[in-house]
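Notes follow the structure.
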């Protein structure tokens, strides 16, 4: 639906400068803004969190309210600036980060109209997602992409694994419900399935535990299953990560060079033959620089 | 014993059409049926689970009973349809899914004869296995096969690992029984072995915990063992998964090309023989481009 | 000290036959004996375990005592037979399994002299180690050897990892002792270090938990460390397992063939060139059959 | 800032001999000193730990105090010796181990001036870091370097992973705070985020557990996420470890050969150039055979 968000092409020159500061990361002012924004995001999330601690709320409630409004005003100015500096306001407003940016400021204004609405706290906490807006622009992007690609490539296997796990906990949980019964805390099948998940994932809260020998024996089997089965997602992701790392050139950082150069992705040595596949010096993958 | 389940060869044409809907997945009606069946299976399992929650049972018991009968009648019709549309009724009835299909409907009828039989709930829950009937027919099959092959290839190593773990928990559990004794909850060797499994698998319920310094020291050793030993099944499965993925042809990144081309999935070299399986240049998997 | 245990060379022929039954696995009688021995070992360990359950002991004490003596007599006869059928009695008696075999029978005789000696239970439980005597002779040996080689090859890395973990829990445990103090259960540094191990290894008993915000923050850091650091032993063992699998020919089962043959370790295809390294058909490792 | 710590070039010959003992590991006296130092470090840390156990403190307080002073005097002499035997006293004093060496002795002297200062215990415990001083000099260094390199190479991915995990626990913890509320122990967002970390990392203390069906459902999702996501750091580190092991030359199986030969560690081909790093035939690591 929404295409790429691009710089406003016409209008006064400050719109382009504003775009550089707000959206770009390769200028000095853009980088300074990123650091300021990161600090503001983290501080504003901290305010939301501390706001929920009763003892702090009672003592410093006014201070937290003031900080909340300062951040809201700042984020509102930022949102207005982003709206003003992009080519298509609609595209930005409907993009993922456009919505997150809006959600970061709306709850505080809404709290004037609907005081005491407790569920607004969740929307306020969603601000933490804005951290990825800053990260999106920097070096972490390449790494995140490699991780995301590895996860995406193994999604069918992960779904198969998840369905198998869910089937197992439903059956094993029902068995425990029959064996242990309400006296030991296994009050219903859903609760017993919850317990089976707690046990199979090796979390082990201990709020519900088997008391009978047969229940403990079944628990032992579930625990050993969970202990061994963790190898499956790990194996899936490891395999994909090896392929993703190989495909990306293993350091995830594209070495510098001009189009057509054969450069080692690991040690960045550049004098390789046109048909070289592995670096003469370090054995890393040789990749051909291409124009993006 | 039972061979493959195949379409009825003679009889009226509706038998073939019924087979297509119930067993095949490459027709529109077959795919629609799969979705409907999946929803019905999940809903019927949900009914069984909610049925065990006392508060829901008391308020909506009649509704749940009605839903249970609706699903049972539907599954009975489905079972009759499957029986009617296959070539060999005996083969289908004795196949794994034939038995699961039957177990999905029997408990409800039995509950008329044997009211209040609590253990029927387990058989009713086994319906969840029917989820795999739907999955069996679709794209997840290939992934499940890769996973299953990786598990099967490493079965001897997993058995060796399991025997080692069981030997360890028996010996370590007995030591804890001697060190801690009944006062700390280690009332017998079987219970202490149960605790050793809880600890070694890093589940850690906390229903039984060591109190003495020596017991805590031994617990520390067991925990570190469990933390480190989880690497063993993970390593086993990872290795097998690398081999299984290599053997299955990696589909993570499909190389470009036209239908019929033999292209390396790793280096994208294209000039391979029609029967080539591995790339001449880089050893990667050669795959044949197919139209989706 | 002790060399290989070999068949008695002289004496009456029954000594050789006895050796075949007790030590060999490639004869029918040897295999039958292995199965009988395995059942006897597991049953005798079960007797020791049930013996410690007070309710069972009170009701079936006499039965368990009788079973214990039956197994002890059987194992004594077996030990005598092994002693009689080997070339060097001293070598066998001082070998690992010779000592385990002896420890399996001594405690019961000692219990006549020293009734009520509770620590004998541990020696009796050590019988479970005899399971490996049976396994030693069969197909699992190759797999166990691959696992053991992978562990041995990575022992220095595992030691470095273990020292790092121990250093961390000592320092982090001491911090928690200062932060939380005796009121929250952190009564001393050793107990706090025990808690740090419980937390870092993701066991999480919950017998001791932080109450203060600073303590919970440090606990969060320890938990994230433990969650991430588990990747280290896993990575170490995975790497070694890949190498061990490669070195062993990946299936762990040496394919049949005569010396000098080039055989695929995976699909067992045999018509490879003398310089082939990877199988033409399946891409598996081609190995040269050598005389052991 | 501080360059390498080197032997004092001038002055009486005992300074060079002292340097050999204190800093070198390839002389007999240096190795003996390492063992003595390791024992002293571990014993002194044990004294600090036992000192915090009230029952031991009450009974053996004087003995522990005496031991503490003995170790402090020994470590003071060692520190003076190190200062005397190095070329640049300033470089040593400001190096990491120089500071750790100083921190090992200061607290005991400070305790004379500031009796009862409880936080000195942490500085005393930091002595345990001196263990790495001894390890630094021996064979474990190479392994530690491989591990450290693998961790360093994957630091950006680990940071991306950590930020994702922290974002998730903040959002999921806030949801749990809304769903469960103070009655179930979720008294504030920070506490709920702490619970989310406890659950996602599969630690599962059980000090706070969800009571409502919706809360348990969300807990199930968090647990399955944590169970599956552990594959991500494991995959990251495994991949890097494969590369690090490849780059470092695998020493698992040393190929046969005479000193000076360049032999492939994987296929054992021997005819490599003196500057070859990777095998011409199989791409394995070429290593030079050295006399041990």
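Brief remarks on what is shown
Should a chain be cited, it is by its letter among A, B, C and D, assigned in written order, with residues numbered from 1 in that chain.
Operating definition for what follows: a residue touches a chain if its C-beta (ideal position, glycine included) is under 8 Å from a C-beta of that chain, and two chains touch if they have at least 3 such contacts.
A quick note: this is a predicted structure, and the numbers were derived from the prediction, not measured.
The chain with its Cα centre farthest from the Cα centre of chain B is D. Shared residue numbers account for under half of those found at the interface formed by chain A and chain D, and the copies are therefore classed as meeting with different residues. With centres defined as mean CA coordinates, chain D is found 29 Å away from chain C.
Mean C-alpha positions place chain A and chain C at a centre distance of 41 Å.
Multi-chain contact residues of chain B, defined as those touching 2 or more other chains: 161, 190, 193, 202-206, 226, 230, 234-236, 238, 242. Judged by the touch criterion defined above, the protein chains are all mutually in contact, each touching every other.
Those residues of chain C that touch chain D in the complex are listed here as 153, 156-157, 159-161, 163, 167, 170-171, 174-175, 177-178, 187-190, 193, 199, 202-206, 209, 213, 216-217, 219-220, 223-224, 226-228, 230-232, 234-236, 238-240, 242-244, 246-247, 277.
Interface residues of chain D, counted against chain B in their complex, comprise 202-206, 234, 238.
Listing the residues of chain A that touch chain D in their complex gives 45, 48-54, 118-119, 121-122, 125-126, 128-129, 131-132, 135, 139-140, 142-144, 146-147, 150-151, 158, 161-162, 165, 190-191, 193-194, 197-198, 200-207, 226, 230, 233-238, 240-242, 245, 250-252, 278, 281-283.
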